[in-house]
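A, B, C and D label the chains in the order they appear, each numbered from 1.
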Amino acid sequence: MARMMGVKIEVLKGDWRRAVDPAAVTQRLRADTGHEIKAILAVQIDTASGVVNDIAAIRQAINAAGHPALFMVDCVASLGCMPFDMDGWGVDVAMAGSQKGLMMPPGISFNALSPKAIEASKAATLPKAYWGWDEIVEMNKGGYWPSTPNTNLLYALSEALDMILGQGLAAVFARHQRWGEAVRGAVRAWGLPTQCADASAHSPVLTGVVTPAGVDADALRKLIHDRFDLSLGTGLGKVKGRMFRIGHLGDSNDLTLMAALAGVEMGLKLAGVATAGSGVQAAMDFFAAHPLPQSLQAAA
Amino acid sequence: MARMMGVKIEVLKGDWRRAVDPAAVTQRLRADTGHEIKAILAVQIDTASGVVNDIAAIRQAINAAGHPALFMVDCVASLGCMPFDMDGWGVDVAMAGSQKGLMMPPGISFNALSPKAIEASKAATLPKAYWGWDEIVEMNKGGYWPSTPNTNLLYALSEALDMILGQGLAAVFARHQRWGEAVRGAVRAWGLPTQCADASAHSPVLTGVVTPAGVDADALRKLIHDRFDLSLGTGLGKVKGRMFRIGHLGDSNDLTLMAALAGVEMGLKLAGVATAGSGVQAAMDFFAAHPLPQSLQAAA
Amino acid sequence: MARMMGVKIEVLKGDWRRAVDPAAVTQRLRADTGHEIKAILAVQIDTASGVVNDIAAIRQAINAAGHPALFMVDCVASLGCMPFDMDGWGVDVAMAGSQKGLMMPPGISFNALSPKAIEASKAATLPKAYWGWDEIVEMNKGGYWPSTPNTNLLYALSEALDMILGQGLAAVFARHQRWGEAVRGAVRAWGLPTQCADASAHSPVLTGVVTPAGVDADALRKLIHDRFDLSLGTGLGKVKGRMFRIGHLGDSNDLTLMAALAGVEMGLKLAGVATAGSGVQAAMDFFAAHPLPQSLQAAA
Amino acid sequence: MARMMGVKIEVLKGDWRRAVDPAAVTQRLRADTGHEIKAILAVQIDTASGVVNDIAAIRQAINAAGHPALFMVDCVASLGCMPFDMDGWGVDVAMAGSQKGLMMPPGISFNALSPKAIEASKAATLPKAYWGWDEIVEMNKGGYWPSTPNTNLLYALSEALDMILGQGLAAVFARHQRWGEAVRGAVRAWGLPTQCADASAHSPVLTGVVTPAGVDADALRKLIHDRFDLSLGTGLGKVKGRMFRIGHLGDSNDLTLMAALAGVEMGLKLAGVATAGSGVQAAMDFFAAHPLPQSLQAAA
């Protein structure tokens, strides 16, 4: 157990290429017979690796251990792009942000709280201000906020939700899945591995691409940025320099994604990476062959 | 001593109508022979009352007591509207926000730190994340931020600073002073007291107006909002319902302020408040007679 | 008869302070026994003088003369601010613009055509391109335009119409009438004449104010602009320098208008004009006493 | 000779695939011994065909005939994208618009006049209003305009010119040339003809692509729009349905163009057009191999 920000933190070991193993969660919690662990935190989509964790399965793993800890989920990168059923899955605290699936500029984040989480916070003794929920919950009843909120982004949020609900969640989720498949097809055509090695855990909003040994992913990113005005995500933490990330979310369309893939493919060539084939061609083949089903197309 | 957010907080008693008395600060700190007090927090302009505290004088009061506590100043409502000399005055931590004198939407706040504050933070054991300065200071060196910043407002900030520095700080400060004098003249003409009872401590950015006994300030605010589309600041904390606030900062001009005063004057009349005279007339007399000195007018 | 732009133009004499006299129209047309006059052009609101012409009455005057000329109406300054019944009044060509009652930036103008006007255009031999209606009418059927239209302003128009129809035309018309009354009350209080000398013909969207002999209206306008950042309309044509214009239309409210009146009143004082009384006070009295009827207030 | 808009118009026959032949201009003007022809109008880039006319050569052709007609040039589609030397080439009237190389929304057009054109207009007897230059030239001296101008687009124009001059005209021209080469390379790879059949007259701002016999170009455009959200230019006039147009100007970059080419290539496939090869691959090869020379890259 390490300490971070004055709080004891334990990270369940993983390899950054696979989803959290629910069985490992149950096992660890069963070992905590004294209930020292107060909360379990999982991300739904890990933005560093492009791995999706199965939140419902982790809840069941907690239940299987009969452990009373709060279940907290970071859905910053997933909210609005794939299903998230807070009540159905038994999530106690959900955290999201404006700048991903909600298609807004960065600047607001969101918390949703279960009754159990609110109850727990009443007995909490850790100093807090920003996360002092009681005052927030009280003022929210009247439509207010304890301090000055980011009012401009609240207008943007209203517009974003109108767009998302106007298209329908099923259509929005299907669109992201389709983009993810197209990009993974391109990566396969290039003959490169994706950072996520688990076929059932690929993220619909970003794809991590591992560069061949000897190819500095950040040098490649810089070359692509300088030559083609395309900003790719950097590898984070321990995979820095070994992979880059292609985002496929937000107010985009098939051709926006084709532009990104073309930029990557030209960059790989200029960097001297020998690719197996054309990812751009693979993505065009996929998009041409796989229209969004009529029933999921928005009325526009 | 009370506790707030898990931290012991002691408030030096005041009456919400006068500035902090530096002598009282010295006296309190001298009593703290064990140096239990770790930081002293003052606001430069108290947005609830419209009172200006003399930050340089409070620093001298701390020095007079020979006390090692950090000196922290909230200049949210004052930065960009009146002088603030962090280094000259010996401030250790300054806190500001985007939505007042910087004329931006709400959404970012700013911290400035003295070397002493940074040194102190290294030994601090209170849990923190948002205020974990070490990581921020480190990444700022390269122009970055540890998490996703509010990038849109950084563009707004750049524009706002261009506007302010283009006009010159002296001109900007003089403009706010002039607006404050005009509004206080109007309030005097109405025969109403200002919340700030100290002639040397009036805020240049807002004026608190105390309503007569029996007149609910919030009912008056609602009437003015409904009839004239003008949103006045509410009384905060213990003065709620007994005063309202007129802001005079931001991207405004003399006539914007005349509009606000006209809305208040009509509202007072409709609410049955018998005023001594016309504040609108007083403000027009003031503005007509007091142009901004030629030397302080911007090149536009 | 003079010639303007190669076309014979005859102006029915008026004094710039009163509406067109319908009897004079009938008389002139009866004299045109050979039907040399091809079209009669009237403005609904004359933006130079603030005079409203009675379009329905002019139509009746044309009919009384049994004259076949086309009836063309410039409603640039009136459309969206007061009733205009093209079909009911028998108007053949209506001309409007984006930048007045439609609350948009300048950049588009509009023509509406009666069947009689379209028929007449088929036989017209004057060279034309911009006013070649046949091609426009044909392409409009499919939602297109013969050349590249100002697409951005079409979005603005859609939004503006939503705003106007959301409030309801009756409410929008009443609001402008109310503003006109308030401004005229202020001008009366100053003891100055309005350019429009006909009590039944005052414009609801602008008021022309005649300056006292010896006071250059444009020098006054410049003084007000320089000191108070307020841009008033200049006198046009033969009244240049002898009057200025206060607009009261667009996305405004009572306090915006109070700001304009305060700017004028301070300017008059600084220019040494002795006014009879306070127009600002008169307008505040009017606005406080005359709310828009509940039934005409928008749902917001 | 036909008549258009009441004015005699004669079109020098061409085949819509080649530039104007200067020799033909000289020959026609020599035949006009009575100098009945008052003006010669040429477009610099014909937006329907993507053909560039050599304006300097046409001027020399006029001079060779010793003909006094005015020389008028439509540079709507070319201004800001390729050289235009009004004085050096002896152009009398230049016409441009906001919505092409100037990267602005549609809404303003521009005229530039030679002293000879202004002199000629003084003796002109054709009715005119919009093109009544005398009043415009007079008011322009003081920075004004006879009627209400599109003020918002004047701000956009100022910004656009800053962008263009900041990059340098040579860099801007080279960028458009490079895009044109990339797109023509793609069209060649598809095995389709360009509308412009003259290798020395290809437009740097748009490329017309001729569809194979039996393939309705407008049906193809609709398919691409519906499936890929990409709006291609339609064939105009006599080539409607037989070609479509790809624009390569404005605030774009290489990847924006790759997106457009990918949309076309997928659309051709879905429409059953058998292409010789991949235009997308050809364009990637071109872009990767041909960076803009260092000396022409903007400082950003």
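The rule we apply is simple: contacts are C-beta pairs under 8 Å (C-beta built on N, C-alpha and C of every residue); 3 or more make two chains touch, one makes a residue touch a chain.
Computed from a predicted structure; not experimentally measured.
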Mind listing the chains that sit against chain A and also against chain B? none
Whole-Å gap between the CA centroids of chain C and chain D: 39
For the pair chain A and chain C, the C-alpha centroid-to-centroid distance in angstrom is 56
Just how far, in Å, is the C-alpha centre of chain C from the one of chain B? 46
If a residue has to touch 2 or more other chains to count, which residues of chain A qualify? none
Chains touching one another, given as label pairs in label order: A-B, A-D, B-C, C-D
Show me the residue ranges of chain B that touch chain C in the complex, using the header's touch definition. 227-230, 253-256, 258-260, 262-263, 265-266, 269-270, 278, 280-281, 284, 287-288, 291
Partner chain B, residues of chain A touching it in the complex: 5-7, 97, 99, 105-107, 125-130, 132, 148-153
